[in-house]
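In this document, chain identifiers A, B, C and D correspond to the written order of the chains, with residue numbering beginning at 1 in each.
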Amino acid sequence: MVSTQEYKVIGTRPIRHDGLDKVTGRAVYGADIKLPGMLYGDVLRSPHAHARIKSVDTSGAEAMDGVIAVMTSADMPEAGDKIVDLGEGEINLKYASNHIIASGKVNFKGHPVAAVAATSTNIAREAVRAIKVEYEVLPSAITVDEALADGAPIICEEMVGDDLGEEVKNTNMASHFRHEFGDLEKGFSEATTIVEHRYDLAMVHQGYIEPQNATAVWNEEGRIKVWVSTQGSFSTRTQIAGVLQIDESRINVVPLEIGGGFGGKIPIYLEPLAAILSKKSGGKPVRILMDRTDVFDATGPTPGGWVNVKMGVNDEGIITAAESDIRFDAGGFPGSPVGAAAMCVFSCYDIANTRIDGYDIIVNKPKTAAYRAPGSTHVAFATESVVDEICEKIGMDVVEFRLKNASKEGSRRADGPIFPLIGNVETLEASQASPHWQSELVRDGGNGKLRGRGIANGYWFNIGFKSSVNLSVNTDGTVMLVEGSTDIGGTRVSIAMQAAEVLGIPAEDVRPTVVDTDSVGYTDVTGGSRTCYATGYAAYNAAKSLITKLTTRAASIWDLSEDQIEFSEGKFASKSDPELSMTFKELASQLNDTGGPVNSTGAVDLENAGGSFATHIVDLEIDPETGKTDVVRYTTVQDVGTAIHPSYVEGQMQGGAVQGIGWALNEEYFMSDEGAMENASFLDYRMPTSLDLPEIETILVEVPNPVHPYGVRGVGETPIVPPVAAIANAIYDALGIRLRSAPMNPGRILVALKEKNG
Amino acid sequence: MHPFDYVAATSVDQVNSVLAEHGKRARPLVGGTDLLVQLRGGRFELDVVVDIKGVPEANVLDLNGSLKMGSAVSCATVYENEAISAAFPGLMDAAELIGGIQIQSRASMAGNLCNSTPSGDTIGPMIVHGGQVNIVSSSGSRTVAVEDFCTGPGRNVLEDGEWVLDITFPAPSSSFGAAYERFIPRNEMDIAVAGAASSLTLDGSGNISEAKVSLAAVGPTPVTVGAIGDLLEGKTPTAENFEAAGKIAYDAVSPISDMRGTIEQRRHLSGVLTRRTLAKAAERAKAG
Amino acid sequence: MARVFIPFALRKLTDGVTEVRVSGGTLREVIDNLEEMYPGTKERIVENDAIKSGLAAVVGEQPTREGLRTKVGEDIEVHFIPHIAGGRAVARCGSGLGR
Amino acid sequence: MVDKIHVKTTINGLPQEFLVDPFMSLLETLRDVLNLTGTKEGCNDGNCGACTVVLDGRIVDSCCVLGAEIEGKTVETIEGMAGPDGLHPLQQAFLEEAALQCGICTPGFLVSAKALLEREPEADEHRIRYWLAGNLCRCTGYDKIIKAVQKVQA
C-alpha cells in the first residue's frame, strides 16, 4: 500500500525556516553564548579507567589568579536511588550524579573529578592541571567477557544485578532478561539447515561535530537558568532537577541550536557543574565547553559487545526457529540499549519459535547513551549475516527468502507484541525492483580490485510520547508556531508543514520557533524518531483547534451558527450560501474586530508509531592487496510512512547510511589494555569524508502510519541499521570471506584473506 | 596551555637571536598544524613561538634545474607550481595528500620534517629526491641530508638554537622518476599506516642505474632500504624485479602494532607499496 | 478476558505457564486478578501504584501511555516487556522484574 | 605572564583592531574577541574543517592559526559571505538542496566550497569531494552538499 493522499503542503520541499540563519553563521549554538560577566569553566578528568579517589587537593587551583570557584563531588547534593524517566530511556539519579562527578571512585577514563571556573578559558585549563588527585588504581574490565569473567573487578560495588528475576550481588551483570515464544527445540528439530555464529562489535561514537557545552546561572533566588545544546530541554530540566535536588519549576532550560546529537545529547554532563560553579561564584554565568577528546572519552557512545544468532530453516526456506544471545557493554554504569536490541533482533521476520537472552554489563568505559536506533545495528549485523549465509546454503535468492519470511501486520515480534500495519514487504519489493538491484554487477574493478554486492534489512520501532505546540494567528494571515522539540535536522519545517496543511496556508506562512522550558508545554526529547510524528501530531491538533476557533469568528461575521460553516481547501465557507467564503488570510485580517487574538494549543502523549523498515543495497570495491574497501554504489530503500518534507527524509536516510558505513569499515574505540581510548580524535577515529563515498541513492516507500493523521512514521533511526550487515555481505560476495567483527577494516580483511588463501 | 609569546620574525638573524635566547623554550612556527595542536595537548611547553613566514629567505621557491625550497613554503604553493610538479613528482605526490586543503595551505615540508614523525608523508619523498637540509643558527649553518635528519619518533638532529631555513634538491636527470604512495583506510585526512617513496634513474639502454626506496611508519624513523638499490642496479624495470624489491622491503622493516595498524599489516603494505611506487617511478622515468 | 503473556522472569511464579487469560476492564484490574491467580506477580510489575520503571506494559500492539488506567478489551494481548533502564544501586535493576 | 598583542587586520573587508593573547588561536580570537561566532569549533586540531576561514586567499583551519598571525592580512569568514545583494549562490543552493541538517559544519563547508569554485569553477564531482574532504559532516552523508555545489556550477 502506497500513499495516494493528495496534499497541498505535505510532500513539497519548502526552504526550512531556520536555514537562513544557519547558512549565514547567525544561528546561535550552545558554545556561541556570551553573557555579561561570564566565567569560563573546565573539568579535571580521571586519567585512569578504574581507580579509587584517595584525596583531591584543590588548593593549587584556588590560589591561582583569575580562579573564582572550584568544585568536587563534595559540592553535589546527595542523590537518592531514584529512577527518572527521560522519554527515551531512564536513568538512576544516584548513578547520574556519580557519573557527572565521581564520588569516591572513577569508573572510566575521562570521568570528572573536579571543576573550575575562571576569568579565561586558559586560566581555567591551567587551574585544572594544578589540582592534585591521589588515586589507588584498580584493575579494569574493558570487554563484556572480561567483566563477566571469574575474579573480574567489580565496578559498581553496591549494585545488585537481576539475573532472570533473581538478585545477584558482586557482579558486573546489571541485568539478564529473556524473551521466549513457541517451542525452540521443536523449531530447530524441524530445520534442515542451521547456521550459528557470534558477531563482535567495537564501541562507536555518534560523532556529532559540535562538542557538548553548557552555560548556567544559579541566581540569588535559587533559580537556575541553563543555555545548552540538547536533544531535550525538558529531559535536561528533569535530570538537573534530580541531580541537584531542586524543583523543576525553578529551572529554565534554554535549548540553543544543536550541532548534531544522534542520541548522544540526551544525557547531561556539564550542566550541574556549571550551575554549582555559578552558585559558588556568586551567581556569575559559567560556561563549560568540552573539547573533542572529552567528547570521545566522557560522553555516551554506543556499546561494544557481541551478538550470537542461531537460525534454522526447513526445505521450503521457512525459518523454523531462531535464538539469540546479546551482550552489551553499558560502560561505567548500568544501562545499555540491550532491551531495544532484543526487540529488533528478529523483527524483520515472522518466526514461530524464538528465544532471546539479553545482558547489560558494566565495564570501565564511558557510560553508553543512545545512538540512532540503539542496539538495532548490532543485532542486524548478526541476523542479516546469518540470513545471507543461509540463503547461500539452501540456494535461495536473498530477497525472495526475506520476502517469504517477512514480518507483516499481525506477525508476532520476538519480544511479544503483534505488529500493526508495517511496510516491510513493500520495502523489500521496492528494493527488488530498484535500478541498483536490477543492475548487473561488474565484478572486475580494474587494477586487481574485486567488487561485491550486499543487501540487508533493518527495523526500528519509533516512539511516540509527549509533545506540546502553541499556535497564534497574526492578522496578516500568518501563524506563529511555538514548540519544545529541539531541531537537529529540519524538524521546524516538517512540523510547520503539518500545521500549514491543516490551515490551508503555505509552509512559509507558519513561523516555527523552539523555545525554553518556561515558554511551552512539556515536550519529550528529539529522539526515538518521534519528533515529526509526535510533535507534528501536536501541531496538527493545535491547527485543528485553531480552525474550530476561527469557524466561530466566521460564524459571528456572517451571523450564522458554527455548524453552518465548513472549512476546506483553505477556505471558510457557508454550507448553504456560496457567496459567503473567506480564505484563512481574509478571516485573519478581521480578528481584531471579532474578539481579538486567536491562539490554540496541541498536546499529545502518543503510543509508538509502528516502526519503520529499511533495505540497503551496497556495491563495494576491494583491493585484495591492501584490504582497502571503497563503497562504489549505495541505495537505501525505506518505508517512511508519509514523507512530509522529502528532502529531509532523504537526508536522514543518507546520513544514517553513511554513519553505518563508517561503523562498518573503520570506526571504533581502540582501547589500550588500561582502558584508555587511544584514538580519541577525528584524525584517528576515521569517520567517512566526502571522498570516501559515492552518491547515496534513496527510494522512499510510503506505507502511511494508520495512527497518524498524515501517516507519518519516524524515519531518522532506521537508516543506520542495515549498513554494517549489508557491507559484511558485500565483502563476502567480493572476496568469499565472512567477517564477523566490526569494524571490517583493511587489517581484518587482510588477515581473513591470508587465512583463506593460506 | 602554558602561555607563550609570539614573535613575527622578518629576518634570519631575528629568528636566530630568539632561538638563541630561549633554547628549548622556543620553536619556529610555520603552519602550526602540528605545533599548536601539540602545545594545546600539553605535549611540551614553550615560552615563545617565532613565526618565520615573514622571513624572505624562508619563502624562497627557486627551480633552476635544482630546487631550493624555503622552510615556510606551504605544500599547496609547491604543488600548484607546474614546473616543480613535473620535475619532482615524488614531492608532488606527498604534498597533495597531506591533510585536507586547509592543512596543505599552511603546512610546509620542512615543518613535516622537523615534526619528525615516522609517518611524515613528505620525508620519504624528500629522501629519494636527495634533499639536503640547510640548518642555521646564530653560530652559523650546516647541511644535513634529509635521510640523516630524523633520529627517532619526534626527534631529529636539530640542536638548541638551530632551525631549518631551506631544503635543496639536485636537478633530476631526464630519465629520473619518483613516486610516493601511502596506505590509509580512508581516502583523505588520515595518517599513513605505511608509506613508500621510490625513485629510479634509467640509463641509456633502459636499465636501472640508481634506485632508492624510503618507507614511512614502519620504524622509529623513515626507513631507507639500501638493499633494494643494490638489487635493482643494472636490472631492467620489470614487474618481477619490483616484486623482489617488495620482498626485501617486507623483511627490512621493523614496525610496531598500534591503533593505525599491526606489525604484519605494515610489513605487508611495505612490500606492496614498494612494488607499486617503483613501478610508478619507472613509468615516470620512461616518460622523461 | 485479556491474554496476559507472562515474562520469562515471572514464570517461576506461574508454574511455567507462559500465557494466561485474565479478566478485568483496566490494566489495574487485570494485574490484581493475575495476583489472585499467581501470588507475587503484582509486586514484580507494579511499584508505587504504577508500572515499574524499566518495564513497558503493552496492551494491544504498542506500549500503553495510560499506565494502570489503560482500558483492556476482550481478547486483547497484554505484555510486560523489560527495557533496560539506567539501573538501580540497591536491589532491582535493569529489567525491573528483579526482586 | 605574556602581554597581549595589538593586531590590525582586515576581516570581511572591514578594518579591525584588537588586543589578543599571543597564544590564542584565530578561532578563539574570531569567536571570543571579535564575536564572529559563525566560525565553529568541532575538533580544535585541524581535522574537521568546521572552523575554516580564508586567510590571504587560502582556506585554513582557524584553530591551527594564531590570532596574532593575521596582522596585516585579510580574513574572510562566513559572516562576510552574503553581500548587500543577498545570499551567495552557494548559500542559496544549500538552502534549496537541503544540504544542511544540524548546520554546525555548514559555515565551514560554505567557506571551503566558495574557495573551490573561485579557483576551479569547472571542478568535477571527484574534485569537489576531494576539496571538501577536510570538512567533516556527520548528518547529511555529504550527498546533498555535493549536489548543492554542483547546482551552483550548472
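By definition in this document, a contact is a pair of C-beta atoms (placed from the backbone, for glycine too) under 8 Å apart; a residue touches a chain by one contact, two chains touch by 3 or more.
What you see is a predicted model, and the numbers here were worked out from it, not measured in a lab.
With centres taken as mean C-alpha coordinates, the chain found closest to the middle of all protein C-alpha atoms is A.
Centre-to-centre separation between subunit A and subunit C, using Cα means, comes to 27 Å.
Between subunit A and subunit B the centroid-to-centroid distance comes to 43 Å (mean Cα coordinates, whole Å).
For the pair subunit C and subunit D, the distance between mean C-alpha positions equals 56 Å. Chain contacts: subunit D has residues 21, 23, 44-45, 47, 130, 133-135 touching two or more partner chains. Among the residues of subunit A, those touching two or more other chains are numbered 122, 682-683, 688-689, 691.
Chain pairs recorded as touching, per the definition above, are A-B, A-C, A-D, B-D. Interface of subunit D with subunit A (complex): residues 21, 23-24, 28, 31-32, 35-45, 47-48, 50, 77-79, 81-82, 87, 91, 94-98, 100-107, 110, 126, 128-130, 132-146. Remark: subunit B residues 1, 3-6, 8, 29, 31-33, 36-37, 39-41, 49, 51, 53, 74, 76, 99-103, 105-106, 187-189 touch subunit D in the complex. Interface of subunit A with subunit B (complex): residues 122, 125-126, 129, 625-628, 630, 665-666, 670, 678-679, 682-684, 686, 688-689, 691-692, 745-747, 750-751. Every residue of subunit D that touches subunit B in the complex is listed here, in rising order: 1-3, 5, 21-23, 25, 44-47, 49, 52, 55, 58-61, 63-66, 68-69, 71, 112, 115, 130-131, 133-135. Residues of subunit A that touch subunit C in their complex: 81, 83, 85, 89-92, 94-96, 156, 158-162, 164-167, 174-180, 330, 333-340, 343, 358, 360, 415-420, 464-465, 605-608, 610.
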